[in-house]
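Worksheet: the structure to be examined is printed underneath.
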Amino acid sequence: MILSDRNSMFSPHLPLGDQQSAPWYGKDIISVKQFTKEDLEYVFEVAHEMRVMVERIGTFDLLKGKILANLFYEPSTRTASSFTAAMERLGGSVIPINEVKYSSVAKGESLPDTVRSLECYSDVIVLRHPEVGASELAAKYASKPIINGGDGVGEHPTQALLDLFTIFEEQEEVNGLTVTMLGDLKNGRTVHSLSRLLSLYEVRLNYVSPDILRMPPEIVGELDEKGIPQREFTSLEEPLPDTDVLYATRVQKERFEDPDEYEKVKGSYIISPQTMRVAKEDMTLMHPLPRVGEISMELDDDPRAAYFRQMEYGMYVRMALLAMVLGKA
Amino acid sequence: MILSDRNSMFSPHLPLGDQQSAPWYGKDIISVKQFTKEDLEYVFEVAHEMRVMVERIGTFDLLKGKILANLFYEPSTRTASSFTAAMERLGGSVIPINEVKYSSVAKGESLPDTVRSLECYSDVIVLRHPEVGASELAAKYASKPIINGGDGVGEHPTQALLDLFTIFEEQEEVNGLTVTMLGDLKNGRTVHSLSRLLSLYEVRLNYVSPDILRMPPEIVGELDEKGIPQREFTSLEEPLPDTDVLYATRVQKERFEDPDEYEKVKGSYIISPQTMRVAKEDMTLMHPLPRVGEISMELDDDPRAAYFRQMEYGMYVRMALLAMVLGKA
Amino acid sequence: MILSDRNSMFSPHLPLGDQQSAPWYGKDIISVKQFTKEDLEYVFEVAHEMRVMVERIGTFDLLKGKILANLFYEPSTRTASSFTAAMERLGGSVIPINEVKYSSVAKGESLPDTVRSLECYSDVIVLRHPEVGASELAAKYASKPIINGGDGVGEHPTQALLDLFTIFEEQEEVNGLTVTMLGDLKNGRTVHSLSRLLSLYEVRLNYVSPDILRMPPEIVGELDEKGIPQREFTSLEEPLPDTDVLYATRVQKERFEDPDEYEKVKGSYIISPQTMRVAKEDMTLMHPLPRVGEISMELDDDPRAAYFRQMEYGMYVRMALLAMVLGKA
């Protein structure tokens, strides 16, 4: 598989000399599997600089004159807005393309043709697509960099990176942390990607879920091999007091065959001020959003509640990636 | 009610010192009720400067590096375009969010969560929403300024301000004017807001409408208490010759139970070159647009026809408000 | 008809003196019929300069501070994106208006009113509309320049110009070329416009189509009168070896009453590497895109395949036109 071969992920956009001097120039961002631990730390270093710059001066002209094509085959307000803001805060411009279903594509145009047309107008393409592998396919044909903005149940690498970056920024050090994941761990793409990224560090992981929504055995097995201590629970009560980072996700009623079963468990996965009384003073509470009741709004002003800051960290990570693949970081 | 308490309208985005030096910095624009007569005159002074600058040089970089999130829960091409143009003419950028119905919000996300997420990416949010009170709710949770772009049958303060600003620019002086409002005065949000704003000045008001579409008694009562002379008519014939400003609105067939009734009255509310023969030479003819036959296209080149200029004045008012809440005016 | 009177196409946006110094300032771009041979060469000269500038520095601030309203009554991702990119590469801004069907227009607003409102906010308007003559109507009422972005089965002048510009850039000289048009020549708006533009030069034209989809006799007659040698074929075999430019279009199944008829002919209109073996080494293969099987993807890396470059040339032509009508070229 292409994803396992690091070199084939990267399109040869530049003569060798230039690539060496700006190692991410022209590369595609398709999967978290591309990133070594050193790569991650480089991304986060650049993202942190972006944060400092935005807090100090708001925007700056690092990517002035560059154009991002935001190609969304399915709507995702949050991801589209975050990339738009990232590009605009760097002085670049955006071509928003949200209606692909109505136009050329509806006439049967293939994804490679759409991408090869759009790259005539733009310097980088963010692709959101409902089908697994769409970004990889696009990257194969495009000569400009492709950034995967989510491809169905496949990958959403910028979400995974922003989750880890949030932990870096909130806790400062990842080694030594106890991270507890809560909710639907079976279907949650975000918790799968995050647990894989965390396995590059010395962490302890707790999984808290209803029995039918447990973390998939292949992920548990993968992390076992890397020597990551993992424990499973059906209630937050036991692991919470030792938790440094609590990553909550949504438990959807539709996942349960028996509605009574859902009614029985749902209360255990709602985080209230009451729940947080036994949590550490300096822990971090995360959620990929949107939430629908999993975390009480009363907690929003709790300094441990990091889920809105998480959105902001996402913008910094996307600024970093855009600058990197355009050869400006 | 919060709206009656001026101070509670304004979110504390800044330490007291800064607020004093730039009095509108960080404030929300939710309702015309926020504005004292002095406030209005300040807005119009800034808006007039914006007009002068645009006419002289087109755009300028007062808000360079600032980002507006244009959050539209229902479509409004005119309002969205006007805010977009206002921000771009000031050198700022826009994140357009038009598809909220398809995305996170469709998944059940609350307005406060959407707003708190978006403010991570942007410096100011314009909110258009079908429900009364949506902007006030958003402002309660947001730490960045919220500008109400219309909330259902509630408020649409920038429309009201642009209507009054049009009168200022076209007539130069509001005191002493006779303003005639025509059409559906019962359901027209614009005429309600405008009559309230006009009551801060020494004006005479005429209301011309079919009997079933008269100005609501609570508004007439409110203005009575302020000593504003008001007269009601069912035909334009009598009040037109003394009118300085004629504000026409649409009379919708659907408002009538008996279609014959509509057919009988509709002709009285269509303004033609014939109608305008008895009007003053220097009067001003306004309409909030879109029109569907209320004003004959033959009048478009009449210098008294101000309804397209009204659109342009709207852009200047929005430029002024954006600059003010971002601390640049 | 207005289109036959060159002067009446151009709105008088400026006093005569200025128009003389910048001859395209304030003009509308409605039809290819506006363009003399000298005009075309001027457009292509400016477009070529745009290409050189983009290749050298990416973007530049020629239209900084100018605002384009991209008014699309029907979706066209490619045309909208191309104009957006053109404006952004010149440092200008764009107001995208894609949802006219939902808003004021849906309430019954006329095209002239919509255009007269939008020009209050913008410096130039690109209009895409499903009805023939829409752009001409808009131009009649607008005081800012209108660029026709396609009006139904009517005109799409920027597409026609980019097709001819592609031939200029790929072949350097148009006189003396043999141009072969392939596919549905009856319904293809692009081939009609291109053949008319080519008739200004000394070219030979070949038409290859199924019998029921032949080039319309009025076009053949028009070119006959200008002395353009034209030949018709039902197969590409004979004309291909002498062809300098092959312009392929789509043959749609729906055009055939008898599906068997379609099955019989469709193979003759698919271009494969096999087909291209007998074509000249330095010929140019064009297609307006989207393609749906007419040209094999195996040909995409053949240096003669110009259809993606065609997209890029389109951006340069649109940059040129925007700069010209805004008085900056």
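Lettered A, B and C in written order, each chain numbered from 1.
Basically, contacts are C-beta pairs under 8 Å (C-beta built on N, C-alpha and C of every residue); 3 or more make two chains touch, one makes a residue touch a chain.
In this text, all values refer to a predicted model and were calculated from it rather than measured experimentally.
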*Compare the two sides of the chain B and chain C interface and say whether they are made mostly of the same residue numbers, over half shared, or of different ones.*
different
*Rounded to the nearest 5 degrees, what is the angle of the rotation that puts chain A onto chain B, matching CA atoms?*
120
*Go ahead and note the Å separation of the Cα centroids belonging to chain B and chain C.*
41
_Junction residues of chain A - those touching two or more other chains_ = 96
*In the complex, chain C residues that touch chain B*: 64-67, 69, 93, 95-97, 99-100, 102-105, 107-110, 112-113, 116-118, 120-123
*asked:* Could you list, by residue number, the parts of chain A that touch chain B in their complex?
replied: 57-60, 75-78, 81-82, 84-85, 88-89, 96, 98, 289-292, 297, 300, 308-309, 311-312, 314-315
